[in-house]
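Both of the next two complexes hold subunit A, though its partner changes from subunit B to subunit C.
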Partner chain A sequence: MIPLLAVDLLLMLPALLLLGVVFLLPLLRDAWLSLHASTVVTGLMAVPNGAANWWRLFDDARFRQDAFQTVRFTGVSVALELVLGLGLALLLHRPGRGRALLRALVLLPWALPTTVMALGWRWILNDPHGPLNGLLQAVGLPTFGFLTTPSTTWLAVVVADVWKTTPFVALLLLAGLQSIPVDLVEALQLEGAGRLTILRRLTLPLLAPWIALALLFRIAQSLGVFDLIQVLTGGGPAGSTESLAMYAYRQSLRFLDFGYGATVLMATFLLLLLPGVIWLLLQNRLPRRTA
Partner chain B sequence: MSGLQLQQLSRRCGDRLVLEHLDLAVAPGECLALLGPSGCGKTTTLRLVAGLDPCSGGRILLNGEDITARPAGEREVAMVFQSYALFPHLDVGENLALGLRSRGIPRAERDRRIASVLELLQLTALVRRRPAQLSGGQRQRVALARALLRQPRIVLLDEPMSNLDARLREELRPELRRLLCGGEPPVLYVTHDQQEAMGMADRIAVLQAGRLEQVGGVRELYTDPASRFVADFLGRPAINWLPGRDGTALGLRPEHLRPRPEGGLQARPERREWWGHQQLLWLETPRGTLRMLLPEGAEAGAEGLRVGWRAADELWFDAAGQRLSAEGPWRQGLESGAV
Partner chain C sequence: MPPLPPVPRFLRRLLTVLAAALLLLLLPAAAREASSASAEITVRVLLPAPFHDATTRELPQFHRDHPGVNLELVRGPLDTDAIQDLAIGSLLLGDTPFDIMMMDVSWMPLFTAAGWLSPLEPYLGAGMLAAMEPGARPGNSFDGHLWRMPYSGDTGLLFWRTDLMPLPPRTTDELVRISRDLQRSGRVRWGYLWQGRQYEGLSCVMLEVIHAFGGRWWNPASGRTELDRPSALQAARWLEDLVKEGITPPSVAGFAENEALQQFAAGEAAFLRNWPYAWKVIENGGGPVVGHVGVAPVVVAPGQEAGGTLGTWGFSLLRGSAHPREAAEAIRWLTGPEMQRSLALNEGYAPTWTALYEDEALQKGAPLLAVQRQALAAGPLLRPPTPLYAQLSDVMQRQANAMITGQSDAVSAMSAAQARSDALIRAMTGTPR
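The block that comes next holds the complex of A and B.
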């Protein structure tokens, strides 16, 4: 007879092995590499160099700029997605004809591969030939370099990201809305509560765990943003839209500085860990809801 | 006219008539039970009165005033939901306060009313608990407390006890009656449980397929059912049916069958259920299977007996299910059973 704990461990083994191979191993390898020099100069051999990569990171203005840009992109786009997604979810939650069709339509941007939609946006925003500038010209306005103005191009990236991922947030929150029993809303209606009171006192509090979940997903995804920006702006103009993931990619695969690339990646990982930790803390503080 | 009047109330859902020209009146302080199988329209009626669903036709009058078009929030209705509809993110006190707050009642008044209703329902000790931390009976009491806080003009109860076990239901019935009925507002009580309806209500309205079958006092419905459906729906164990002539049917309540030394029908006991104070016999007779209730002491031989009934206890119905008088050609062939 095998002891119960051993059975538990045995049953978990495949999953643990998989996690170990695809998560833990690369992570450890990355941490290890971040303490080595591995460049063209070293013949791409890993040579221990202590904390040299990390000292370089703390002094790297481009890293700081990219960290700021990544956090700014994440903050603004996730906030917009949350507000728009909530509005959309509330709209889709209302009974009415053609709701299923509307739901499918809303989901389309999210179903599109990021590179395809990024190419689409690159053309829409093209200066001067894109449709958006065409519209500006049609009403007699000058064209604008949406993707070539360093101070505002990050906003174009935000717009494209919001366009693509608002449906995801909306769908998640819609599932949350549908989990709220109709009885509760009706009970409050009978008390004479208006729509705003119901939203504030009932819907939003009950939606809080779903909002937290959407935030967690979106923040983690946004902090690691790569493909959208790579295709839309390539990090430009003048590095004004470059993200941390792109910087790590460049260090490793363009400059072939694998040691420093690993360091940037590790720093990005630690940054990503932050929202996860905050979420866990919040979850412990939020009241437990069991049915 | 005081009290609640429903006039020709109808509700259509797409092509389906959920409720058809319902006429009902509930006097102030009267408890009227809406009884029927699921899908009969009883909950629909309640929701129409509450204003949660729009009527497709007809009028709702409260103390002579037409409230058909009035939104739910302005009808001053207290409703106890089958699910209790307690707010899971709020504790008992906050659950009670939320409604009062959204009606703009000042804090001092709010606290006073909540404290008194908590006292009344012995919930004071549970005021900081959330619904998830309460038992079914406690949740029900909180739902009741919320209804009592309202000072409503109508009280509506939608299967308020169907989530409780039988014992608790029996205990709560008098309490529910004491707290909700007999005041000013008329009470509408929806249930599919005839025992609950008989225990709670002054009068019962039996609904079937969106139509009112019969409305009347509890005793009246049982002893003098207007239709075969009502006779069949009320009474446990269910009424026995014997086919008469020309599609008519004779209904005989199990407690009205008696063993006879002679006459009546020849019967053989097939099965016996012992209920403590009574026993239920399943009898095989030439006319089909009959259920007979016997007092605990009575004995029926295993080999066979003869059963009969009093002519006054016969309930006759025509092929369409409408009640027939106790005298008529349809009795031919079965009068032998009556003694």
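The block that comes next holds the complex of A and C.
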């Protein structure tokens, strides 16, 4: 008879192998490459250079700027998406006529390919010929360089991202709302609880794991943001919207500096690990539902 | 043994549909297999959308002259940066699907250093460039090999409004004075439009203006940049002041070639900096300035020599090509005098062959020819010919764009650009501090 542990391991083997090939191997390769010089100067060969790439990273003001910009983008856009997504989910959860149509409509921005919608926003925000500046001019205001003002262009990127991804958050939270038993709500109503009380005492606590899940998905995705910014601003103006993923991409694929590109990617990965760890810690502290 | 249950009807239908779909997918592949059996060699070229369309017009002639060779032009994206990413991506795979790649002059040092190209002189001979205008030759040969044949001899040019002034300005001061007068009298909204977006076009503008004030971006002898010299600072300050004083609109910070061209074509400005193709686009566009556009060399500071940025494209042979001989012949045709005659007539691109500039019939059909030859004779400017150019240009774009958007000023932008370029060269070449 085969011991139970061996059966467990055997059953997990295919999944572990897959994870190893698509996740662990590239990660190890990236870590290895970050300790090498691999550029056109070295003939695209990997030559060991100790920790030179990492020293360069600690000295790299652009990396720090991009890290700050990426975290700022993530914090603001995910917070907005959560608040708006929750509101939208509560709205869509209410019974009423046309709910199916409304749900389909809300999902539309999310279904659009990112590059297409980023190009759309680029036209909308064009200075001076975009429709938004057309509106400003129509009411007698001067045009505004939405995509050419380094201090505020990141907000335009946030708006585009919130517009596109709020439906995703709303959908997740809607699924959570539908998993809350109706009799619990009715019981509270019988005891005379108002809407706000129900939301605060029942809905939100039961929704917490779903909120955590939405946050995890969104934070991980936002920290790696690339396509939206690449198309909308190309990282400009004056580099004020460049994200870490774009920086790593440029180092490797535009500049052919694979060693340093790997280092930037590795550092980004470590940064990404942080919210994951925090989530795991938080999850252990959440009240566990007994099955 | 119990009999097998009958296959449900929906499953049978599904299988039929799947089989039909599979057959449809396989058929074209089989057809391709059959056509390659007839000993026809296919040569694949990747080129940006506008060049693809201009070249395709002449393609039937190639196939008449070269039986047995199928020249396949693959239409890439329009944007230079996007097509560079595509080109590099396909080359990094090691086994590229292309035989020939259309190359911007600024990519050449990087692509040759990466070892992706095959020299052309074994197939075309060593003297290919000799019959070309001297100004069209740089940027094609490195280390004694010919790596690229130029498709055009385009340089940066100044477009001006013949209905607003009798003669174009020659100096930076004249351009500012004319713009200011015209703007004050309300005859035109803006003075001078150029490319200020954070992208490669801004580097072309910076190279031109730095040279116009007697400086240079790159010192080939020392292998370093010279961006904190007084002449480079003066150049940056001139651009900064154009925006500050309202001669150039602040929205120039988001302008690539097309945005600037459209605003000029709409009659909103007196001057435009662009490439030769702009003239045909404006003249065919039917806007208010049609028939009122002149073309001149770019302006320079008083006492300096004229020179526009060399912005030529050309064709290179990729090392992985299975048919280098046929591909080299295709390059000869793609860059030959007949192709360039058609491009000059239909697109307004500058030829590289001297004979075409002396062709009187062509001069009538392509009125820009004289000024294009003048610009090429003035010694057009090559962007720093180093494999690190992509990084240096990236540094320049960020700093110059910060200056144009008012986030920084000319002095701090140029000193930052110099410091970052130095740090970059140190990090990449391992030169000690």
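What we mean here is this: the second predicted complex is superposed on the first by the 282 of 291 C-alpha atoms of A that agree within 3 Å, B and C clash if a C-alpha of one lies under 4 Å from a C-alpha of the other, contacts with A are read in each partner's own complex, and residues count from 1 in each chain.
In this section, a contact is a pair of C-beta atoms (placed from the backbone, for glycine too) under 8 Å apart; a residue touches a chain by one contact, two chains touch by 3 or more.
Computed from a predicted structure; not experimentally measured.
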Please indicate which partner A:Pro237 is in contact with in the superposed arrangement: first for subunit B, second for subunit C, both, or neither.
second
Is A:Gln189 in contact with subunit B, with subunit C, with both, or with neither (first, second, both, neither)?
first
Look at A:Thr197 in the shared chain and tell me whether it touches subunit B only, subunit C only, both, or neither; answer first, second, both or neither.
first
Could you say whether A:Arg56 touches subunit B, subunit C, both of them, or neither, answering first, second, both or neither?
second
Of the two partner chains, subunit B (first) and subunit C (second), which one does A:Gly120 touch, if any: first, second, both, or neither?
neither
Just to be sure I read the superposition right, which of the two partners does A:Pro209 touch: subunit B = first, subunit C = second, or both, or neither?
neither
On the A-aligned overlay, A:Pro181 touches which partner chain: subunit B = first, subunit C = second, or both, or neither?
first
So, in the complex, the side of subunit A touching subunit C is made of residues 37, 39-41, 43-44, 52, 56, 59, 126-128, 143, 145, 147-151, 234-240, 250, 253-257, 260
In the complex with subunit A, residue positions of subunit B that touch it:
50-52, 72-75, 77-79, 81, 83, 85, 87-89, 98-100, 102-103, 130, 132, 146, 150
What does subunit C use to touch subunit A in their complex?
81, 84-85, 88-89, 92, 110, 113-115, 197-199, 249-251, 253-254, 387-388, 390-391, 394, 397-399, 401-402, 405, 407-408, 423, 427-430
The subunit A residues in contact with subunit B across the complex are 181, 183-184, 186-194, 197, 201-202, 205-206, 287, 289-291
